[in-house]
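Here chain A shows up in two complexes: once beside chain B, once beside chain C.
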Partner chain A sequence: MSQEISRRDFLKLGGLGAVATMVLTGCGTAARYVRRTPYTKMPEYTFTGQSTYFATTCRECPAACGLIVRTFQGRAIKVEGNPNHPVNAGKTCARGQATLHGLYNPDRIQGPFKRSARGSEQITPLDWNAAIQVVAQALRETSPQGIAFLLGMAPDHLFDLVSDLARALGAPAPIRFGALGMFEARATLRKATQNVLGQDGLPWFDLGAANVVFSFGANFLETWLSPVAYTRLFSQMRRGERNEKRGYFVQFEPRMSQTASKADEWIPLRPGTEGWVAQALGKLIADARGLQVAAFSGVNVEEVAQNSGIEVAELQRLADLLMKARRALVIPGGAALAHTNGLENAEAILTLNALLDAPITLSPLSPFGDAYHQPASLQEMAALIERMRRGEVQALFIHGANPVFELPAALGFAEALQKVPLVISFATFPDETALQADYVFPDHHGLESWGYQRLATGSAFPTLSSSQPVVVPFYNTQATADVLLAAAAQIGGAVAQALPYTDEVAYIQARLSPLLEQKNGFFGAPEINTFFAYFQQYGGWWKTTEETVKPSWENAFNRRLQVKAAEFAGEGEFHLLPFISPVLGEAGANKPWLQEVPDPTTTVMWNSWIEINPQTAEELGLQDDDVVRVVSDQGSFEVSVYRYPAIRPDVVAIVFGQGHTAYGRYAQGRGVNPGQILKPVTNAAGDLAFAATRVRLEKTGKKRAISRLESILGVYGEH
Partner chain B sequence: MKALYTSLKHPLARGGGIVLVLVVITLFAAFVRQTQASPEQPILFPHNLHVGLGIQCLYCHPGAARGPNAGLPAQAKCWGCHQQIAKKTPELEKLAQYVQNNEPIPWVPVAIVPDFVKFNHRPHVAAGLNCETCHGDMTKVKIAQNPQVMNMGWCLNCHREKAKDDPVKLQKLIDCSTCHY
Partner chain C sequence: MEKTLTIPEYKADWAEGENGKWGMVIDMDLCTGCQACVAACAMENNISFVGEEDAGYGRTMHWIRIERFWEGTYPEIRMTPYQPILCQQCGHAPCEPVCPVFASVHSQAEQINLQVYNRCVGTRYCANNCPYQVRVFNWRDWPRPAPLENQLNPSVTVRRRGIMEKCTFCIQRIRQAEDVAKSEGREIRDGEVVPACAQACPADAIVFGRLDDPESRVSQLANSPRGKKLLEELGTLPQVTYLLGG
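Moving on to the complex of A and B:
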């Protein structure tokens, strides 16, 4: 029989049989049997197959947006904005969404340990009792003046607790620092407000009430102060009021940022001339209205036009635009303030608003009634570094800040750290600063933590945002507040008496109890447990009435103002403009979701790049992806070229946020950190003049392709 | 193919062919049976004993009354009683081992439907059905078994029967998108 069945027939029959077997078994139940892995202990409030939602606060930046986190079977699944929250009204930014990648980051520090030597990966794991012992001993045996606390930017419950602890010990108050504050030039904005208005606090720019907005370098759609809140107001401004055209937006800055790309007009003025341009606009408006404004009186418009590169007719047109507006608003921020004359620039820009009836108020005080807690300026950080260098700091406690990476290298934080005998880090991630610490006692991730947070700005309502754990902590981490409270109890005496709290939650409840007396909150409760339950449930507590402070402009009209020329450090022919990545922010580099989000203007992913005007690139003979060495008088690094048409030919721009040497597998060894070559010059308010460094470009002859989403085929005609 | 048909006309080949077909069918049936049987459970859990003691179904599977999935109990629930009870059998030793190691018990659910069926327990419990209507009498079953083939015909038979006096309800209960969406 076999010789009568051809090979072909045999294969046909065989194939038929195989298909029949697959169909019959594949569609059967056997293919669907799965092994389930149920909980060993079911988390509270959890039912199989049902999601549980928790309200908490985003910790990716200090803006304090409210989040609703969907959890499923005890795991955080999805982050969305809290629709009731006064800051973000249900929205989040990309960094808020990616907070999950921090929670599940495989490189998180999983338990307390001691390092064999600074910078070494060799560690000895400790248990938490030993860790608390180390902290207690350090606090007890160091002279109070030798203790320094360095915290992140958020004015949260931990800041209050550390302030209480420092007061009880007699130690200096904690210092708060973050790269965002540095790039926002917060101290400059505050100081300018004080000088122009005579009032303290951060201004609140109500874009929604204006129909013409001029922004000098404020990248409020990216990272500036409270980007989600400002994005909401921006869209309100763009919708326009009833029967009115949409609002008009002009951005002044040397490089087109993401915010500028959303503007009707982008005006690339010469770096450092922002204050003069504001003065010229002010003079044109004052003259047209027959007003006398001291700050603008001595200005020569022709001279400003020459210096800034904006023609007189153009200045006149812009001034007319402001004058014809129903309500105009001029915002100072970011790169405009990051020059040696940054404070005067900010004052000139802010004073311009006095002529315009601009919708500016001062951000409300926190519900506790305490004033704005400003993060440290670069000058204050320099003072700390000086103390460290002189050996006056014996024990340094760092939480939520990564100064080794974020501060300009020339400031010498890393060297000064070597002079500190004991460095204890409470970092969640193995960042550059934790790598230089003797002990690392990891805090929970933000989604595993209790807390509250004040708003520096971001809403007209006095608000306290709440945090609660949405998942059980994954690793052997412990809340820093609990560690400090336990250490305080061990020290005993006056310190233990000043902090008589059993744990973090007890401390938070004690701090919240004055709010029970307040009548105008959107909820109230007769006792703290009920109040705390609502506080967690709604994502915070806020008043139902706006409590912004009205500015007084009288002073502004009579105040004289001399804006000096900006000074630039270094010999190079290009201005270096570092800008904080709109996607990564200061600390997003360890989150793959953020790394693979294309940069909004260049679409580059997973890397650093330097933006050069195509015309300049042609003069220098540079193509895309050519590696250049960027040299300032502080140092140099190599980076690939991105030809960016929307930048002044005399400016090169580089992203801040990459270039980590630690911080986990997704962050390290990727791109460069422009902080390495910045000259640490400050403006009069003590903020870093980060746009004041000049650089030179050297060709290396190498080529290194950077990954990007866009196609550049045919853009420059060579394909 | 033609050669095959011609060769089959020979009486011997025909007889041999029939035998061959029977052998193939038998082997195939055995194979199918093998693949359709549920995998072994990690612990031979005696449902009859627990239900016989008067423990309610919803005590261990509370999700059935609240949502789509009945759920499998966390071992903390087992241990709630069993830490008080002598570990007389090897099966209880296994449970103790799982608890000691804090490992989840890899149960194998037997009453399952394909992914494209969005089954929800809650409306069935709300309609007054008892667990045993679909899952059988657990006082008589040791290790969990599925007493019936849970296919679409079985679902629709019951839906048609329950709603036969109410055309509106019937339409809802036999609509495709009630279960497939």
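Moving on to the complex of A and C:
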């Protein structure tokens, strides 16, 4: 199709464009021009008393689950899973369900404005023409090297557009960041795969095909990579759908997470010894089978037993379990990778699979033939912060990320931001980073937006998930893609030539046009309008054939591996183990119903808590709800105690996701942010070693009750 | 069997159990405790959130909650399997005979415990008598700041202060499926009615359907030797079956 298409032409095309378009999509492409009108002039797809359903993609995390949103007379009523979608097959998680409380959040940013001073609530509203002027001027007058784009982990079409824009300007490529990526230690998993297999990509662990699964810290039932897809596989494993027998699951980690609570065995090993345990298991298996595996050859099993706290006999039993399994799988993830030796841990754990015929493949590329662009590691974020601190960044554009809240405070993002003369945020919600921006030009909510999303992992089928507005934008917001395109047109010259699109949809259609020629999709169309209509209607485009990459394990057998001891920062007697809230995730705290959904393991609602072994608590004279000061060498905060029966005595765990200082009435001033006291040390892959900080606890003598569901059920007599 | 699956012309014609028994099976080996059902239920049924303080006093409005208990002490500690608890839709319900105003009544047609909101005067006798603690009371008119009201589901009544409420097996979805089936002149297909919790469940641990149809998935699972009723010894005849063990 022509890449230069005016709105008028487009509407004509849509109208003529055939009966197919009109009939097959509920909403049709014309929806992007729909404005709120009196109900006497309702859009044609709205029937009184009838619901209309739209397919789109969830933006609560970057896993790209397909949604079907029920709307009723222009309002979004209920989120349901898209039954045909390759990632979630009709299912959703709690965060996906609560996305409507984001859409209709009372604290959303309602229009573009200029802040009188950073951090100030005093604002001057602007109109969108002025906003586009500001963006165009910033892009034109800043030297290309002084421009920085910081984007979130979704949506992908915006990332592609900003990449094109940065290229046209000669500016550095955009950087992607999200706390989920940080807590998954994604860069570590990818680097370990590269090192062990010599192949690039994120591994796809097919739990459903395994009958014994060992997981080292991977919280795949909570937030890890693609939790809804992994929960489906877990269910297959437990049903024994693809194996005759129910699968057996063992989780190794210092604190029983929600994932570990579903395990048949939870093995609380000493933090940082995960790699050694994997090596010891590998050595026992290799010896029993008379194999030589370089990565495991020099391992002393007794020494590992002593260091990890798992006895030799126990290690032998676990190794036998793996050996006897018809198909075993070992998964590295989460806190096991978040130590200073995290990369080596990941490599040792991954290498163990070489002995097991494990059902691991590498996630397929997107239908475009490229991979999902992974978020930056902490090291890469530190490099950006250093550039900001040195004054090399004159204009920072932020969309979809909240680094002021999410990054460890010690990294100094907030201070470095002060050195940037111009900060423009495209935030939908008034988060901490938007509060420090000079201008805020709010993007639509995900359910009001166009877009597409690649999969980082989550399906064996190459998939592009589609987004479309399910409701007309509620406030005076503007798609960031449209703002940038309009700004590019104002700049003119080479930049305008590089982005010759009238609006966001034109850009998306231009990007999609190569897919018209692909033959193995589950639908095809002769021209882009029909293709785009199907793309909206079905919630995306995916191939009908699996295209995962087979791993080659040869390299793994000969590769030597030295796992060093993990190093811990600080003098305290406890390891601090932050974990991302299974319910709130990184950005759920502003949704009131998510706040009231109890944490699965503790049943706590609406606040933060620190988990401590009841025995240790008794020795320290601590009761539930006692407020303690948690002190690391980076700082301290106060939080209530929760005596958690399934945690090592030398570990305290704290939830990440609360502790906002902005972000609306439901998030602000609630709980604490463990990022405040984390030491920003990294592992060899550059990911944050978030489990490497040691802390001590100080009594404050205060008490602050935490709200939890379990107290009404009478678990503890005293409540 | 053909007869019992027929939908009568007038609802008043329904005899007890004639229009089926709706039931649910929850596989506790599959439930991951992820709370997707809890959130989905709240979104579908216009359930209010109560805020931190009232939640701490046990006034949350969850129609479904996930229970778990601890066994033993560290390091020999185990968590009992997550168990989603919702109204068990008892065939012999303790909540019904105690209601002075007949707000808590039994539906003859679907064999479901109904709560008639506009009869309820808030005595809370029903909740006191419920052994499963699944009835929740509106202690206040819970705030729902604008524009959150845009999300309210028009198929479900919005409750106010002083009203008792509980899980309805998403009766609005059952009714809708009945109407659609009737207008198309056919029976309801197995799997056609899916309550919000079962629809969201990523592990597919919740199965819903007609217990009076021996061919339905829910009937087959309910007859599994793993099946147990909650507090079976009370003789409440629950319509929810839990599958224990693996």
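Note that the second predicted complex is superposed on the first by the 664 of 719 C-alpha atoms of A that agree within 3 Å, B and C clash if a C-alpha of one lies under 4 Å from a C-alpha of the other, contacts with A are read in each partner's own complex, and residues count from 1 in each chain.
The working rule: a contact is a pair of C-beta atoms (placed from the backbone, for glycine too) under 8 Å apart; a residue touches a chain by one contact, two chains touch by 3 or more.
On a predicted model such as this, the values are computed, not experimentally measured, just so you know.
Contacts of A:325 after superposition on the shared chain: neither chain B nor chain C is touched.
Taking chain B and chain C in turn and counting the residues of chain A each one touches, the greater count comes from C. In the superposed model, A:50 lies in contact with chain B only, and not with chain C.
When the two complexes are overlaid on their common chain A, residue A:231 makes contact with chain C while staying clear of chain B.
Legend: residue contacts after superposition of the two complexes on their common chain; A:210 is shown touching neither chain B nor chain C. Contacts of A:563 after superposition: neither chain B nor chain C is touched. Taken together, the two complexes place no residue of chain A in contact with both chain B and chain C.
Chain B contributes residues 1, 3-4, 6-7, 13, 16, 24, 28, 31-32, 35-39, 62-63, 66-77, 98-99, 102-109, 112, 114-115 to its touches with chain A in the complex. By the touch criterion stated above, chain A contacts chain B in their complex at residues 1, 4-6, 9, 12, 17, 21, 24-25, 28-30, 32-42, 47-50.
On the chain C side of its complex with chain A, the touching residues are 29-30, 32-36, 38-40, 42-44, 49-53, 55-56, 58, 60, 62, 65-70, 73-75, 77, 79, 82, 133, 145-154, 196, 199-205, 246.
The touching residues of chain A, counted against chain C in their complex, run 72, 75-81, 88, 90-98, 100-101, 103-106, 221-222, 227-228, 231-232, 234-235, 238-239, 246, 256, 258-259, 261-262, 268, 474, 582-583, 592-598, 600-601, 603, 605-607, 613-615, 645-649, 665, 670, 705-709, 711-713, 715.
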